[in-house]
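Can you keep this structure in mind? I'll have questions shortly.
Labels run A, B, C, D and E following the written order; every chain starts at residue 1.
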Amino acid sequence: MKNIDSLLYFTPEILLVIFAVAVILLDLVVKNRESSAVAHLSLVGCICTFAAVLFIHFSFGDEGPISLFLGMIRLDTFSSFFKILLLLATAATILFSLRSEELDARLKGEYYALLLAITLGMFLMASSTNLLMIFISLETVSLTSYILAGFLTHSPRSSEAAFKYITYGAVASGTMLFGLSFLFGMTGTGDLAQIAGRLTELLAAGDIAPLAVLIAITFVLAGVGYKIASVPFHMWSPDVYEGAPIPITAFLSVASKSAGFALFIRFFYTGFGSTGLMESVNWPLMLAIVSALTMTVGNLAALPQQNVKRLLAYSSIAHGGYLLMGGVLLTSEGIGAILFYLVVYLFMNLGAFYVVVLVANEVGSEMIDGYRGLASHAPLVAGAMMIFLFSLTGIPPFAGFFGKWILFTAVLEQGYYWLALVGLLNSVVSLYYYARIVKAMFFEEAGEETDSVSFSTGTFALLSVFVIPTIFIGFLNIFYTFSNISVSVMPMQ
Amino acid sequence: MTLQHYLVISAILFTLGIFAVLTRRNAISILMGIELILNSCNLNFAAFSRFMTPSEDISGQIIAIFGIVLAAAEAAVFLAIILAIYREFGSIRPDEVDTLKG
Amino acid sequence: MDFTLTNFIFYGFALMTVGSALLVVTVRNIVHAAFSLMVTLFGVAGLYVFLQADFLAATQVIVYVGGILVLILFGVMMTSGRLEMRIHIERGQLLLGGVVALALLTLLLTVIANTPAWKNLTDDGTELPPTTEKIGELILNGPFLLPFEVVSVLLLVALIGAALISRKEVRD
Amino acid sequence: MLLSLMIFIPLLGMVAVLLLPRESEELVKRVTLLFTLIPLALAVYLFISYDRSTAGTQYVTNVPWIDAFNIQYHVGIDGLSVTLLLLTALLGPICVIASWRNIEKGIKAYMALFLLLETGMLGFFAALDLFLFYVFFELTLLPMYFLIGVWGGPRREYAAIKFFLYTLFGSVLMLVAMIAVYLNSNIVNGVAEGARTFDIPTLITLAATQGHALANSDFQVWVFVGFFIGFAVKVPIFPFHTWLPDAHVEAPTAISVILAGILLKMGTYGLVRINMAMFPQGLDHFTDGIGFWGNSLALLGFINIVYGSFCALAQTDFKKLVAYSSIGHMGFVILGLAARNDSGITGAILQMFNHGVISAMLFLLVGVLYDRAHHREINGFGGLGTRMPIYTGITTLAFMASLGLPGLSGFVGEALSLLGAYERFKFLTILSTIGIVVGAAYFLWTLQRVFLGTLNPKYEALPEINGREILTLVPLGILTIVLGVWPNFAIDMFRESVTNLIDVLNAI
Amino acid sequence: MVVPLISIILLCPLAAFAIFGLLGLANRRFPRQDYLSTAAMLIALACSFLLLREVVPSPEAHTVDWLSLGGVTFSMGFYLDSVTVIMLIVVTLVSSLVHIFSMGYMHGDPRYPRFFAYLSLFSFSMLFLVVSDNLLGIYIGWELVGLCSYLLIGFWFEKDSAANACKKAFLTTRVGDVGMFIGMMMLFKQFKTLSLYGDGIFTRITNPEYFTADATGIVWLSIAGVLIFCGAIGKSAQMPLHTWLPDAMEGPTPVSALIHAATMVAAGVYLTARMFPILTETSSLVIAYVGGITALVAATIAIVRFDIKRVLAYSTISQLGYMMLAIGAGSYVAGLFHLTTHAFFKALLFLGSGSVIHAFHAMHAHAHDDEHDHEHADSEEHILGSEIPPDQDMRNMGGLRHKMPITFVTMLIATLSISGVPFIFSGFWSKDAILGGVLGRAMEWNSAHHYILFGMALCAAGITAFYMFRLIFMTFFGEPRNQEMHDMAHESPKSMTVPLLILAFLSLPVVNILWFNEAYVKPPPQPHLHAPQHAYIAPDGNTGGKGYAVSLFGVSEAVAAEEEGGHSTDGTHADDGHHGHGPAHTIAMVLSIIVAGLGIFLSWLFYHRRTLSAESVATTCRPLYNLFWHKYYFDEFYDGVLVTLTVWKARLFAQFDGSVVDGIVNGVGFVTRDLLAAFTGAFDNRVVDGIVNRVAQVTWAVGGRIRRIQTGAIQTYLFVVLAGIVLLILIFRAL
């Protein structure tokens, strides 16, 4: 579709930009530093965008995938799915940030603008179909993430996080760009679908060595893998998660990872999804190994952690590993499982981070010891945290179980028994460290006499926004349907 | 001047960039390494654009231009962060910025 | 291969690029490294010219040499005292990094040498009209409009971010 | 509908309890009691009205739940489940009464969790959809974890996490097996036909259909193993048993009762319902009496019996002794199931029920003593028989029932299991009878050390068991005697189901 | 009428117990539990007599389905033949008398009502055992009497010795019971039923559909028979499981009389007799030898006891051995006959000794301290807790015949009876029947085994006469050894003496009527008893046809017919109760009178005339004396070896459980927890190996040494990334 015609379908992204600018402008106007006007404006921005996404989805979703801006991005249910997911994460992050006491009140304008900008980048990640667009959207997200991670003034940890993040990210994206250049060089085009066709032809004709494709894929994997924090591209994430402001950590662990998966799925399934290619380069097996390593490393490393944020960072690595399992299957069930799991993961992980924010505010500690006796002075918060953690472990009846279940069903269906077994044993291991937090909250007494902490109604309302889906998503048909429909646009062999 | 010439040059640049990133214990040197890597990518794009696509198709060149722009943006942020690090840690040696670990 | 002037100049640029890049990663003085980088960037710009990418070459010189390199030099000045101009290296790290880099290089060279599609593609030397106009056309009215717009957002973000992060100390 | 009502009334009770103010402890207890009595009444009604003459499931509710995977909310009862449902529903109020006084903190949370636990257990025994079955199976984990971890003894944290990890380990293997069954549920002669299903009755039929993927014997063996490990942890079967002594010792009385009375039965129930009925060829591989694998299940039963008994003999902690005795007694269940004939399976099922009743009594009794003396060291008592005659009497009854004294329920199950097992595994069965002697030994020795001999002067003022405690014990005691005297009372319920099961087993 | 009557017999005592139990829950008591229990027993007694008329020649079992499975049904039911009725009468009679006796004996005990409740429960269980028509029912009753025995031995559980004794009794008998249970399992597997009558085991044993009497079949049946007999070994205190019975004397004396003399211990004999049809030659021989050895060994031990009750206990063991011997030797009727007579005179002896003890009872507390300080300070009696209570020590007695005339006379009658003094005492007839039966079998089969057995029995008979008169002489004759206690002694109240008198009457050959009626008691056929070859030849000279090679069904029929024919012609079986028939009986009678006379005479010399000194004999035959004194070291053996072994094994298991299994699990947990260290060193293959091989320690050691990978230095991370890329490419290039 032509550029001008595309604009209508591009409304959500445009809205995001408009609101990002508006936030900055509003920040200039509002003098009261304690005012949360900018946050609310950005929330409004999210809501408007949300409405726009839904509107566009329901107005044009039936027409099937639409290619926009002369093939740069694609509008389909898959991207709509991720846009909704990302907006939820962004909105949640904005709400967290409102309550977080870490952030410098004077920098709110920039902060929220950046959040909206990063959301824009993620939108594009989820819908790009062109190498250049992919790289630019990836860079937009990365660059903004670096800034957000280093956002805390006078926090060496935050600066260190930003430094490591950008170093790591720059090398990874540089490597990816090199891989992209090879892809471009082999096929002479930047369009993913054409790349797939050309690569298959060239491989069949013997015009290119499989090694070239392998190198290209591996280099691309470096860029994508770094976004979804899969082994061996994961090492930035514990440090960055620990150093970054909690809301940003939450955001990175959910949104950034989701966007990474969107990109990963689209790239690999559209670009490398042909049978001929996979005969030369068995990337699903590579991903399977990476996936097994990722969850194992994530879970084992999480065991001895004392810092809850860091623990959740490793846990999020491990979840990346679980999700990746769905990606190696080349089936719509696998992708559907990823999408469903991402929805579940969004709620439970954000919920857990929200509790971390609350506890950090009240107790001033991110350490597990800070959670001791939480159940006695803040039972509801502790209960919610318990639900999130057990959902992350995958214990029924929480949504996490259903997510894992669908994933493992998909994996087993393709006969990856070893992978499923590794994954399941990993989830047993993971119970141990999640339960350590639960244990601290419920089984141990607070060190000194702590007064009962009373949280505002808003806090509980927000908490319940995460708790209720974490309990009920698995029981409802609609989510399965939604994630399955969203997959249908992906080319499957 | 075949395509392979350019590719070899670019591969060398890339490898040198990697080498710099891995071995130079100075944040700015790492940035230089990254610039080398990005340059090699851009060179690749330009070369492929010349050799692998019809001569009127210059999309490879344009990608390279975007690459340069992105490199600039990245460098700006990187340097800002290096300055922040320098303030907080009094050093830009990456091995001394290691409070987060384990 | 005939040693025409063009070829000679090409090899000159190639040597300049690679050689100075080698210096960038080996010299122990950070300012020297920065200047070596400048040479490399010029070298690449020269190669762009050989590839008939005039606008790209110009951009390379302007943005890289005029922008990024200056930034880097500022960075050097702001972070390194006179004594800290030396770049620390460690032998073990050097070795490991060297191994990895060499391995990568070997892999890349193998691929470059063994990919039939890339073999024997000699530059026919056809002169292309200046690309500037075409680029402008493609960016403003072609497929690259969206990337262009997004990059502008990206630059804005980088601007804000860089300012934000480097501004920190002013605040106390 | 009635069945679903029974399952979810405790859940409703949980909500009700959570809504009550924290201060009104008495009210909380009463409400909880009410919400456990209703399922009991319903269970009794089901028990009475259950049609004993057929093997089919009754009181079936079957509504679609998650269409995407053809998961249904399918519950129903057959003879086996109705028996265990009755046991569960009976232990519910008993445990509430037993917790009346000795839960000191957080009674509200305790009762809420307890009610949640009850829903999980009831649902588990009624579920006829494999997925639902699994969800209920796991649903019991969480409340149990907290009940042990928060209200337990000094090493409660360790015990709780150990319990949790062990069970989770088992259940993930079960999950793999379950998914494998689901995925193969529509494959006939290598071709996929129709929709996949989790429906247990359907799966059982399919697994007996010639040419169906589920009827492949290699497949059955592997899936059998997966499910088996899941259930074995719960039973617990050596070497997956080490969570049990810790969990029992640390758990509060009522929770030990539930653990021993119901949770252990979930394992064996699963073995019957899934492993045996669905994978007869898998079962055959492990119980055909040929070679090592053919004897392996019986061997595990034997090890459980002897190992559990000897471990119990060496204990000096009253509760740990009872815990190990449970391991021994569950061995008889395994042995009986491995026999897979009339007497073996009936014996095993009876033993499940009886052990539920008897071990519940034993743990309640230990609790009574612990509440008074605040320790459980067997050697620290002595001569309590003079001071607490009624308590001694009931304990003797429970011990005798547990050690398999004829006339009391423990005997029937044990004897039938052994009789059945002997037909298939002579040598192992004979060796297993060691357990009978050792069982008598540790109980009598305990009886002697605690109740006989001269009264320990420390306990001269120990109060006799009180009315509330007697109230918890009497129904169980009556059941013990009734089932010992008239086992047909229970067997009538599941005779047809067992016959049906044996037909399935013989059909291969 | 059979079923209602039996039901009444069973329900009466059960109700008496149930009332106690239910009220006990509410911490109440029925005001006169003793009357209640006694009345229940008396009703049962009356009903038992009524049942005498109901016996028919070939009775049927009255059954109900007790446990019906899909394919198998276990029924419970009554089987009433002459033996059952006689046992019913014996049990109810002795039980009633003991009830009455206890009203006097136990008077004033703090747990007086409970005692009667237990007695009722016991009576119920015993009666249930007796009337059961199937092995399962017998086993149920069997275990229940064991429980009652446990409860009653431990009735005075404050005494550690009593507490020990009851546990020992239960456990020891349980060992035998397990054997019996295994036997039951074997039978069940073969015959698919545990019923004995009707279409039960005894019918199916000749049905080739279920059982083939070839060589393996016979071996199998022998094993099964011996295993069932194991139950009897335990319960009837046969060697080697007899040690619990002497200890069981810690219970109140009426209990000893009822349970450990007359009824429960005799249940083993009853069981063996019931299983008569399945006994083969081998199993019969085993039974006979166990019985014979027990009879002899227990008798020798009894010689050196001083505790009046223990003498009687060993005597009981010995007499039970006799009965076993009889059944093993095929003298079915003689064995049961002796069971009956023994029940009465042994109950009498116990009750009499109880009367004596009761006489000393008042002294109990008084004399106790003295006892410890002076007489037995370093006595060997301390061994194994068999310290003699002063009121049971015969060395404290003497000359009581004047103080307690009724007790004396009745006990004397019983002693004469047990010693086999001819003709006017029942014991003579029954013992003689046994001796005659054994000798008869020996002569008939020309079997060396049975001659040896006969020799044992004869010796035991002589020794029995000796130690029983030793008891009488030491207790009732001579001068009072402990004057203080003697002064206090008194004749017992009516409630105690009346039962003594009744039992004394019953020790006269009145019961013989029942057993001499050939039509009334008939031994069941033993289809699989291998008789020696010549036995087959004897009647009709047919040699070949008896081989088992021919049609199996036909043969078993033939053998059965042969057996039945044998009984009626040579008289060894059916006639053994009838005195005076055949040469075997004449010889046996003469010999038995001689040995009995010899025994009494020696006893008189030792303990009354004191021309011979027991002490000097003891000194000269020190080793033998020690052997007897230490009861052949059985207790030492058990304590030293078995118990230690068991406890040790249990400890081992527990330790194994605590350290190894748990250790592995914890180790795995530990390893997983610290696998961080391991995967940091993932490049080091040794770590991986270490995990697999030497799980925990290596992880620790290596974990400490290897640098952690998440060092915090960004260049390490980058190295991992790039090395990872290179590795991935290399690996997949190779693939």
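We take it that a residue touches a chain if its C-beta (ideal position, glycine included) is under 8 Å from a C-beta of that chain, and two chains touch if they have at least 3 such contacts.
None of the values given here were measured: they were computed from a predicted structure.
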Steps needed, at fewest, to go from subunit A to subunit C via touching chains: 1
Shortest chain-hopping distance from subunit B out to subunit D: 2
Partner chains that subunit D and subunit E have in common: A
Maximum centroid distance from subunit E, chain identifier (CA atoms): C
Central chain of the complex, centres being mean CA coordinates: D
Pair of chains with maximal C-beta contact number: B-C
Mean-CA-position distance for subunit E and subunit B (Å): 95
Gap in Å, rounded to a whole number, between the CA centres of subunit D and subunit C: 71
Euclidean distance of C-alpha centroids - subunit A vs subunit B, Å: 26
Cα-centroid distance, subunit A relative to subunit E, in whole angstrom: 77
Sequence positions of subunit E contacting 2 or more other chains: 669, 710, 712, 714-715, 718-719, 722-723, 725, 729
For subunit B, residues that touch 2 or more chains besides their own: 7, 14, 17-18, 21-23, 25, 27, 31, 47, 52, 59, 62, 66, 70, 73-74, 77, 81-82, 84, 87, 94-95, 97-102
Junction residues of subunit A - those touching two or more other chains: 132, 136, 139, 143, 146-147, 150, 154, 159, 162-164, 167, 171, 175, 182, 185-186, 211, 215, 238-239, 304, 432
Complete list of chain pairs which touch one another: A-B, A-C, A-D, A-E, B-C, B-E, C-E, D-E
Touching residues on subunit A, where the partner in the complex is subunit D: 379, 390, 393, 395-397, 401, 405-406, 408-409, 412-413, 417, 420-421, 424-425, 427-428, 431-432, 435, 439, 442-444, 475, 477, 480-481, 484
Residue ranges of subunit C in contact with subunit B within the complex: 6-7, 10, 14, 17-18, 21-22, 24-25, 30, 33-34, 37, 40-41, 44, 47-48, 50-53, 55-56, 59-60, 63-64, 67-68, 71-72, 74-76, 78-80, 87-90, 93-94, 96-98, 100-102, 104-105, 108-109, 112-113, 117-123, 126, 128, 131, 134-135, 138-139, 143-144, 147, 151, 154-155, 157-159, 161-166, 168-169
Residues of subunit A touching subunit C in the complex: 3, 6, 17, 24, 68-73, 104, 106-107, 110, 113-114, 117, 120-121, 124, 130, 132-133, 136-137, 139-140, 143-144, 146-147, 150-151, 153-154, 159, 162, 182, 185-186, 202, 206-209, 211-212, 215
For the subunit B and subunit A complex, residues of the former touching the latter: 7, 14, 17-18, 21, 27, 30-31, 34, 37-38, 40-41, 44-45, 47-48, 52-53, 57, 59-60, 62-63, 66-67, 70, 73-74, 77-78, 81-82, 84-85, 87-89, 94, 97-102
Complex contact set, residues of subunit E against subunit B: 708, 710-715, 718-719, 722
